[in-house]
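Consider the two complexes below, in which chain A is the common component and chain B and chain C are the respective partners.
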Partner chain A sequence: MNTKILMTGNEAIGEAAVRAGCDFYAGYPITPQNELTAYMAKRMPQEGRIFIQAESELAAISMLMGASASGKRVMTTSSSPGISLKQEGISYLAGAELPALIVNIMRGGPGLGNIAPSQSDYFQATKGGGHGDYHCIVLAPSSVQEGYDLVFLGFELADKYRLPTIILGDGMLGQMMEALELSAFSSQPSAGKKPWALTGCKARKPNIVKSFYMHEGGLEEFNKKLQKRYRQIEKQEQRFENSHLDDSDIVLVAYGSMARIARSAVDALRKKGKKAGLIRPVTLWPFPFDIFDNLLRKKKKIKFFVTEMSYGQMLEDVRLAVNGRAPVDFFGRSGGGIPTVEEILEKI
Partner chain B sequence: MREEIICAGFGGQGIMLLGKVIAQAALKEDKYVTWIPSYGAAMRGGTAFCMVVVSDKEIASPYVDTPDTLFVFNQPSWDKFKAKVKSKGLALVNSTLVSEKNPPKNIKVASVPFTEMAVSLGNVRVANMVALGKYLKEKDMFKPKTVFEVFSEIAPKGKKGLIEINRKAIEEGFNR
Partner chain C sequence: MKKIFARPMSLRDIDTHYCAGCGHGIVHRLVCEIIDELDIREKTIAVCPVGCAVIAYDYWDFDCCEAAHGRAMAVATGIKRVQPDKFVFTYQGDGDLAAIGTAETVHTANRGENISVVFINNAVYGMTGGQMAPTTLVSQKTTTTPLGRNAAREGHPLRVCELLSGLASVAYLERTALDSSGAVIKTKKALKNAFLNQLQGKGFSLVEILSPCPTCWGKSPEESLRWVKEEMTKVFPLGRYK
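And then the complex of A and B:
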């Protein structure tokens, strides 16, 4: 008996958040992630949790800041233009060391763009979309099941390192329906595990949550602390999936929905007798630099081929990882265009 | 086995639902399946479509460029997709609303008045299931029984008549 059910990526991410103990959701509708906000509107009250349709994206992210400061598990979701509006709040969350889960179901840009799938927010997500020296952990699911699973991980990492974590999906993933295996409700994090939270300071010293450091040297000291944490994350949290790396001459690199099309291209190349493999980064920050290093240490003759629904954003991290030790080629489309298997094969 | 399907027609002809019923039936028979709708801006009288992939193996790309099977319910959909059907592929064409003049030579065209048959059954909205019945006959992808089970699961409670007429629609299409 098949215990799996069919769900869209948007709905699966919503159900995962509910089951991962999300206490508070605030959002503002935008295509192609409307079903996610709608799903939370239905599900959160059923579980006695809080759902707010905010008056704007700015309000939604600011509400998250307040709810997170009180030690609650919080989430907001949007799509590209809406995520741009949230950047001020994301920077403030990073500055105040507040955990939060932010989902971006990317659509075409720049500007209001269109509602087609896209991956052109990679720079914004991984290089710090707001002001200041900060990073968000960025997770990139490539299936409905993985979208579901990464919500649990995203909340955990956000709490562990006290920073905003982003799930970077795209319109294809959000709209696509696939089989999904649901997991049990995980226990909610108790406020006791967040000793920094603002929970009422009876019988203890008051906690302060802020991102403002006026006294001399204070901000530099704080930044050093953040940087130390980021280096630790870079060491411990690199995640990726790969296939056929042991006998590959050419390695395709792609993430999210695009990695599925790249996987079809790898299968087609293998059928033709070409030794092709795939690296699919799951964490975009920290970028999985180590796998490239390990591979290049073992293999002298190898080529990389990056493909994205953008004009080459992750490409820059792959070039950094390869650092001139091997050729790196690229094919991408954007603004609603999705590279096809045929196009990829032609370019290779 | 990998079957790539595009269902296309006017908004309101049950295109998305047709794809979903196929997806649910595939899941019930323990196959891998993906379903993607066209969710872009659409024009009244234009085309809505969904892409379904059914496979024995895990599905890498869920995108369908060249379908094995094309369901078309209106003229714009036929004009848009007919040339994309794979060689030896199948096109199920709603002849009530589509004139399939000059079809591509290397595909099989099953031209059936889905809409007209649905109207005779008493509900124009089951044209999609008449087409599914014809498909089950042509391709033997799932047992009709599996599809009937899907109906019982997804029909709103207290709407037994709805299950019955959809069942009849499948049978009409199958026996055509």
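And then the complex of A and C:
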């Protein structure tokens, strides 16, 4: 039987990484994810893995690049301002087709902002973040257990598609304690599955890991290859949770911690006899466009209500998904404010 | 007939993209000669910089990794920590190592990472067309110091060996030059020391090589060698720093 224990989201993500076979972790202190870095400092050496406290986020993400280029499973974690610094390396990882897991326990911005939970890095995570034409897979857990589970999925998807994958949590999820069911250690991917890795050119031609394409047409050709992969991911990897969609007139859309509050709002509306439902995107990229499409094909009279700890970032993707076929309303707060059930009910 | 001179096995037989009189070609070759001599080609992983040597992997016939500008030592740290049995070196210029990558340089050295660093100091940004480097000499003209580097405004040349020599975790620091055949032989010896240190687990080793850049200095290859010897070594004294 699997053990059930009480853990914070930060610690759960750390333990999941250890159990998912993370070989290398580099991080830099930043609130509200410090427990995660400290957890890795303790756990990684216990398992004979590598932990480094880097001199900066710039260095941490480049250390990941080296360890990932070596064919290893790698993770870094940070919070919003630190993730901004990591965008340099994330773009290089995307350009060099290197898998990595990057955890953002979001805090308030812009600038130094504050250390309160926030969801204002949605644009940065889902629309590229760094320079160039690329995407990261973005996974949004809404509970400690899901944060744990998505680490395993995140590593798998990063390896499968050879790209950086982001877990987009927030300070509430990172700091909150919940019951967690631990799973067994999963086997590490064998080096044979990464023939591109830099392991020394013994009995093979040298490998080069790079994102630089100077010859004419080279970069365009490479970008077309990436885009083809992104289209495949968009088709195959959309994930979401929903409730009451069959008989809903109004569908709330929220992700991460905010979805828990939205769920309470849906329950409250149902108690009042209102036909409310919920769509909770789990993958923010690829955004689960198909569920909106399917719903709008079946139901002519429906409206959507998006709620976020931002002033409307995921809202733009919901509007794209709905594409003018139904009304889309919004309520959000950011900078430390968290929309409450009462506020949501009042706005609907 | 006995063969007494040949291209190192680790050096590919391709045309060079470097300018006439540039020092990179010499150091690329020295690196390959040593790798052949130590028979470590199959366990070598190089980290190439952003700068003129960005495509060093086109010349080198062993595994190579790209790094963002200034981050070569962080990438090397990641590689070496997960593969301590491999030979890992970075090859970086002055802008990369001593301006945008200064933090990585100081902290990689201070952690005593068991890697080797080949540092080409030619007192200028070559690839971007000759801007002021952290190592540009006072009164040296560059595209961004058209009247010459002014110490009052732009400071003095950054001396990397001197800077790192105070760090307890550093194993080996030496500054050499490429201004004569004898100097090239000394450079090779220093590089070999740095490479052997890593193989023997001694820790962080760096060789700073004063190298000519005739194109960005606006000098002939011959004048450039003289300038290395007569001007650069005054500011950057040669020798062992640690």
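The rule we apply is simple: the second predicted complex is superposed on the first by the 345 of 348 C-alpha atoms of A that agree within 3 Å, B and C clash if a C-alpha of one lies under 4 Å from a C-alpha of the other, contacts with A are read in each partner's own complex, and residues count from 1 in each chain.
Quick note on the criterion: contacts are C-beta pairs under 8 Å (C-beta built on N, C-alpha and C of every residue); 3 or more make two chains touch, one makes a residue touch a chain.
Note that the structure is a prediction, hence the values are computed from the model and not measured.
Participant: With both structures placed on chain A, which of the two partners, chain B or chain C, ends up touching more residues of chain A?
Facilitator: C
Participant: With both complexes superposed on chain A, which partner does A:Ile338 reach: first (chain B), second (chain C), both or neither?
Facilitator: Only chain B; A:Ile338 stays clear of chain C.
Participant: Could you say whether A:Ser264 touches chain B, chain C, both of them, or neither, answering first, second, both or neither?
Facilitator: In the superposition, A:Ser264 touches chain B alone.
Participant: Regarding the shared-chain residue A:Leu157, is it in contact with chain B (first), chain C (second), both, or neither?
Facilitator: neither
Participant: Classify the contacts of A:Asp23 with the two partner chains as first (chain B alone), second (chain C alone), both, or neither.
Facilitator: In the superposed model, A:Asp23 contacts chain C only, not chain B.
Participant: Contact-wise, after the overlay, does A:Ser211 reach chain B, chain C, both or neither (first, second, both, neither)?
Facilitator: In the superposed model, A:Ser211 contacts chain C only, not chain B.
Participant: Would you check which partner chain A:Gly66 touches, where first means chain B only, second means chain C only, and both and neither mean what they say?
Facilitator: Second partner only, chain C.
Participant: Indicate the residue numbers of chain A shared between its chain B interface and its chain C interface, in ascending order.
Facilitator: Touching chain B and chain C on chain A: no residues.
Participant: For the complex, which residues does chain B have touching chain A?
Facilitator: 20, 23-24, 27-28, 30, 32-37, 39-41, 59-63, 65
Participant: Once bound in the complex, which stretches of chain A touch chain B?
Facilitator: Its residues touching chain B are 2, 4-6, 31-32, 114-116, 171-172, 175-179, 260-261, 263-264, 267, 338, 340-342.
Participant: Which residues of chain C touch chain A in the complex?
Facilitator: Going through chain C, the ones touching chain A are 41-45, 47-48, 54-55, 57, 60-68, 70-71, 74-83, 86, 103-104, 106-107.
Participant: Under the touch definition given earlier, write down the residues of chain A that touch chain C in their complex.
Facilitator: Residue list for chain A touching chain C: 23-24, 26, 50, 52, 54-56, 58-60, 62-70, 72, 74, 88-89, 92, 96, 198-203, 206-212, 214.
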